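Worksheet: one structure, shown below.
Residue numbering begins at 1 within each chain, and the chains themselves are lettered A, B, C and D in the order written.
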Amino acid sequence: MNDEFEFALRVYWEDTDAGGVVFYANYLKFFERARTEWLRALGFEQERLRTELGAMFVVSATGVRYLSPARLDDQLRVTVKPLKLGRVSMDLVQQAWRGQTLLAESEIRIGCVGSADFKPTRIPAAILQAIDTPAP
Amino acid sequence: MNDEFEFALRVYWEDTDAGGVVFYANYLKFFERARTEWLRALGFEQERLRTELGAMFVVSATGVRYLSPARLDDQLRVTVKPLKLGRVSMDLVQQAWRGQTLLAESEIRIGCVGSADFKPTRIPAAILQAIDTPAP
Amino acid sequence: MNDEFEFALRVYWEDTDAGGVVFYANYLKFFERARTEWLRALGFEQERLRTELGAMFVVSATGVRYLSPARLDDQLRVTVKPLKLGRVSMDLVQQAWRGQTLLAESEIRIGCVGSADFKPTRIPAAILQAIDTPAP
Amino acid sequence: MNDEFEFALRVYWEDTDAGGVVFYANYLKFFERARTEWLRALGFEQERLRTELGAMFVVSATGVRYLSPARLDDQLRVTVKPLKLGRVSMDLVQQAWRGQTLLAESEIRIGCVGSADFKPTRIPAAILQAIDTPAP
């Protein structure tokens, strides 16, 4: 499998709550942005996936542990690491870091569905292959 | 025209930011919820509008003044008052109140578009009529 | 323990994404609203908890399975059911339903922390007692 | 005054709604991100402003016209241009562009308040000076 993918982002006002820290639900947004850029880096843009291959990825399960709070202006690194590739779904491990501090850790299951009928369908072979190929 | 419509909502963690108050962009969500319930109270559900009449309302301009902050657990009243009805768009005045304190005030322009081509189209007569009829 | 608590909410534009359904991250907001109203129904408002008892609940882990999509205008019921009460944290099961269809199911762990130092602290006895008392 | 500042961002699922386009309220988030980076580029981080100078910027009015929809995966440029600098507030013009298409245009008024009492206070001279100095 590929090495871990990293995506950088900044914490803005919109991400915080009255506790003064990032609202926990927003880590799912951060993980999503990183997954999207990971797929793009592999050569697959989601909108093109949908129109050209008739397939969409949908999130079917998310497990997140919140370990340490992020704050306004923090610069975060969000990682993506494939854990298990199935025929119609895959499990990813994603983490959010500030420097050497792990802030949140997740397991995300995404399933592949037909963009017309929303029924489970095989993950396009080209994607599986791209994920499985070691980075040069 | 109808009397002013009122919609009640509560401020939750998701609505706040690190300043300890409601994130200003979220008032647009509050105004949207109130408009949706106002249309529903007039007999028009947006999803049905789209499928049955082939029309959608889209927001084309928003002007908001933020006067006083709302906080976690606050109970707000959000109002809707038609200001000007045109053929393809209407202007509404919307306000957010906590008790007798006006928190935010807006003018919202919504335009009617075809749900297939997204081109401006006449507001369905039934809607204009419902808005223009004084409440009993 | 108390019977299950139910909270009703409506799906608005803000909750949806370009897939035409509720954006999965937003179920965490729905669950949060229901938990807040559950605590309020037990007699504990979060802002007062913080100022009077010096305690805050923070979400430390969330696990969600997304089973069926919700759409614009849907009326949902969100439930709260205590699963395990500890000294400094509790586990809740929360579900989102549309009619008889289960849309999303979660286990949420919330921890009690001091509002000044953010360190784990005992859940106030009055809250544990209120949760443990069967509804009349 | 400085030349126009530009900030690049990508449209993700979280930004869209069931209409298939960016939810209009989210442009306020895009404008906010760009303003934050503009201030940072001038040498002023908001969190440091608050703790070191005891001043915060708050948004007191927003006017936005939505001209053309943005979609998933779109790459946008968001601009910041000071329009009027006052003693306790400033007006900015901000625009969102995709290529040569202007998508949304706004006037944003931000006021300077004391971070303790939230009362209007003079914009720190160093900030006014930094804004007024032509870029090299």
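Following the convention adopted for this analysis, a residue touches a chain if its C-beta (ideal position, glycine included) is under 8 Å from a C-beta of that chain, and two chains touch if they have at least 3 such contacts.
All of these numbers come straight from a predicted model, not from anything done at the bench.
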| item | value |
| --- | --- |
| Chain at maximum distance from chain D, centres defined as averaged CA atoms | C |
| Winner on C-beta contact pairs when B-C is weighed against B-D | B-D |
| Gap in Å, rounded to a whole number, between the CA centres of chain B and chain A | 34 |
| Inter-chain centre distance, chain B versus chain C - centres from mean C-alpha coordinates, in Å | 28 |
| Whole-Å separation of chain centres (CA-atom averages), chain B against chain D | 24 |
| Residues of chain C engaged with two or more neighbouring chains | 13-14, 19, 25, 29, 32, 71-72 |
| Parts of chain D lying in touch with chain C, wherever the complex brings them together | 13-14, 16-21, 23, 25, 71-72 |
| Complex interface listing, chain A residues touching chain D | 10, 12-14, 29, 32-33, 36-37, 45-47, 71-73 |
| For the chain A and chain C complex, residues of the former touching the latter | 19, 24-26, 28-29, 32, 56, 58-66, 69, 118 |
